[in-house]
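Look for chain A in each of the two complexes below; its partner is chain B in the first and chain C in the second.
This part shows the complex of A and B:
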């Protein structure tokens, strides 16, 4: 950028174009983050005594560690469910005619067109004691007493998987679309069956999409405050709600800040593992 | 399966394929191919040649007819059980596998152990003259090298039939010739019955023992390259293979071997009835290749006026306008000092021999 005008590379653009967004981020993202960090480094709620007490408290408290662990586990479960259910849809999408493709993409995108709150309440209606599932099973005589579906890990995973599904399916559709269909035929003509073709050719070549989808789904699932709280109810505590309670109800701002920072680092760690895997698989795809 | 003998025969027996929409892709195709032959399926885009290839490979189940490889009717077999090797137009190498893994892929699918398949992959890479590329990825190779790998990969499964789908279309001209020679060499060495799908008539004529010309899903002619070029059975074959002058005319008299035709351009000539018997008084199209026309001095032949002359190296092509206003191309070998024809010079033209003018009944 600082080069003399004569040797200026015409394909480079001034960084100035990014300045408005940079300023916005600086004011409303970086500054609050620094404030959060500053706050978390105080041992008392009044913010007078510096120290690492909040972090020590979190990291030595089995309850807090349990909440962190179950949140990360929840993310892993939701991601796994989305991957297992989303891959066949994405695979199907690449093998049907344009009319069916439109229908599939509509079904995939539909959840994004309704509010998270509405979708979550729909799940309450479906999973509740008097909900659709229990009512149906009871009327069919399969069960006598209603199953406990709401306020369980199962219910939260199910609802989150549905809510986050597009984040998995869309990158997968893109990744599978980049695979030359001739590769399928080539593998088959060389004597490979469908499963060998899938595990040796399709899956490795779709890895960039798998990793992108997993990263997005994971990050969205563990931070999904509304769905986690409504479906999980009071009995299941995850990091976003834990943090909200500390900040809003208990007014323990330094501890809430420390929770935020720890949660942020934990998410970053998982995401960077995904991106590292992604970079390793980048050699695929392409030509 | 792994020991399938090379050079098995291939019979395409009355194969018809209809798309789900009802349109005919190929109609009643019969090909009887001997073990070890190289056959070219020649035709313009959309003539059904790729559909036929995919039927033989097993990717498409034909509506009617049978495909027989050796003594086996293979219609019920999926592609992975047919032992048919395919080289795709874009080579379709697996981008995430090394060259060696690509070549060994079919062997792995057949349960050959790792050491044996690495040895075999190396042997095949030596056969296609790429022994040093084993560890590379496909994208690190040039187009011609990728094609050699695709060939090695298809040959690795010891296929009974080798199918090549427009194999040279993506290569530049010099490389194309090298690869054509290479494929012909490998085919000779292995003796594998080979089917080449192409829209390039030169490629078909130069590489194949026999050429099957397809148009609109129908087999127009199946014969040796010289049959197809010199004795075309249909007007389509005559015009699609090589270049030709189409001259309309009326049959004056005809028997089975010769027909006297009065050309609209003036003059009567003797032509060969190429597409079956001709009836007197019927309209015909006479095809004469540019190299089969000669300038004549006497009053025989038809008159014309030279428009433009293009010296093309070994030959000179003259564009001549005939009495009925249509254009005719005449190709003259450059022997010694060819007399330059001036623009506007009046000339007379006649075919070199009656057998070199093919008369087809005119279609309306």
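This part shows the complex of A and C:
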């Protein structure tokens, strides 16, 4: 009778339960992705002539590379802003009473409960020439002519940071919650100041949360078509808009496919850097 | 593993069969599907065109499936043999793409009762134009005291940092660039003068909006005071109390034909024809000309009235004089190169 349990390894799981989702992904994600790849390997819009022309066109064109670069940079800026602003909120959350915790969580989640379009339009109202910022500064006499905030890189970063903030804060709250509060006390009792405790104890232990938050925020920020085009306007070109222009307005699907594949690979590269950092930090945190 | 080879095969076969015989997945007779545009077009068609069609055709079932021109083309292209849409609505650029890709049925002109009454420019055998879209100058009368009269007014130094335009993704943006080029000696085949003019416009540019809708909202925010604009979009803003006015520039207002097409291989060809006929009737066009829609009619039997008579044209003869039609066949040939150039050159 001992043979039956031995044949079934309790540490491995049957694939059966994952099959429906796997099939779904295979049909609606992997298959279209392969079709995209197939299409991108054609030199003409009708998809008759094979070749690497679309990739060559993109990779040898300083303008296209510039669009890719500015998109990746935009993501980095938004991620940095979210991290700097989101960390204190998560830190605060772990140090207040349950009632305040509920309020903080509500504030953090609130942006997720309204549509991105609505939030973005609110930013147009805030950043516009007669918007809240300019009106306040003018009434205080700090500036005379309205500042140009809308349709600038600054405006896009600001709006995206607000829109994507929950993606950063939530993993941070989880990560900080896992840290044993006794470690803080131990550090203090051994003579470390609060900054030293923060940099030597809290920050390293929260790194998995930081990495997770950064990955989510980054991926969401660079692909945020609506916010980028409404706040950035028609002359600030980022990858999603470039893609839309080629696919929709120009019906140049092979080039659009090549852009997608290149964008996908670039994002995967950035995400894998994050993941590598995450793996290293886990070793660090466990030590 | 729950999934064995046999069940995988069955599933694959079923899916394959559904793909090969799409008729299996839904009932044979589906209602007439009209892909109108989103927004104010959808509202207008739902309120006026659909009831008129149903009244004339014994309450025949039909649905509106609003989407952009490019999406209409993509959807029909994906299922040419059994298109999910029976009637398409297009701006001039996409219309030529759809015709070029053999997605539209010729309009049965000889059967039509209203086709011959259309203004000559609206008579297209591939699909008539039931409406015109008109692009002229839009301005904020509170900030601009003397109404502009010409496209050239956009370059006036007093509008430094107050002008808005859209990029070339839209029909409006592209059509406007062509008009600017023409003003400076260019043509549909040569927009170089237009790009030079854009370069000179840069100090005045406050915004390059991503689409005409976003451009219109900039008036609301006080971000811009003057821009090229779509007559209908401006009337909607005006009705909501935004201080905007529309004028036709002396060079002529740019008129786009919005054409309506029967989709090739449509299972509802007869009803599709009937719907288009309804869109061409003087009754429907008159209702759509009146507030709140203010859509410019193409049937010469319609007597112009209201805001359209005041700002655009009192009758067909004046309309022909004041409207400029562009050669979109020529424009389409080079449009992608222009978009590329606009991407590169216009940075403010």
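Definition applied: the second predicted complex is superposed on the first by the 270 of 287 C-alpha atoms of A that agree within 3 Å, B and C clash if a C-alpha of one lies under 4 Å from a C-alpha of the other, contacts with A are read in each partner's own complex, and residues count from 1 in each chain.
We take it that a contact is a pair of C-beta atoms (placed from the backbone, for glycine too) under 8 Å apart; a residue touches a chain by one contact, two chains touch by 3 or more.
Owing to the predicted nature of the structure, the values given are computational and were not obtained by experimental measurement.
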Would you mind checking whether chain B and chain C clash or fit side by side on chain A after the superposition? fit
Which holds for A:176: it touches chain B only (first), chain C only (second), both, or neither? neither
Given the touch rule stated above, what does A:72 touch, chain B (first), chain C (second), both, or neither? neither
Under the stated touch criterion, which partner chain does A:224 make contact with: chain B (first), chain C (second), both, or neither? neither
A:201 in the overlay: touching chain B, chain C, both, or neither? Say first, second, both or neither. first
Just checking: does A:249 make contact with chain B only, chain C only, both, or neither of them? Give me first, second, both or neither. second
In the superposed arrangement, does chain B or chain C reach more residues of chain A? C
Of the partners chain B and chain C, which touch A:186 in the superposed model: first, second, both, neither? first
With the two structures laid over each other on chain A, which partner does A:130 touch: chain B (first), chain C (second), both, or neither? second
Once both structures are overlaid, what angle do chain B and chain C make about chain A, taking C-alpha centres and a multiple of 10 degrees? 150
Least Cα-Cα separation in the three-chain superposition, chain B to chain C, whole Å, stands at 38
From the superposed pair, tell me which chain A residues show up as contacts to chain B and also as contacts to chain C. none
Which of the residues in chain C end up touching chain A in this complex? 1-3, 11, 15, 68, 70-71, 73, 97, 166-169, 173, 206-211, 214, 217, 221-223, 335-336, 339, 343-344, 346-348
Help me check something: in the complex, which residues belonging to chain A touch chain C? 14-17, 19, 23, 27, 63, 121, 124-125, 128-131, 148, 150-151, 229-230, 232-235, 237, 241-242, 245, 248-252
Across the complex, what residues on chain B touch chain A? 1, 57-59, 78-86, 88, 90, 92-96, 105-106, 109-110, 137-139, 153-154, 156-157
Going by the contact rule set out above, which residues of chain A touch chain B in the complex? 180, 182-183, 185-193, 196, 200-201, 204-205, 283-287
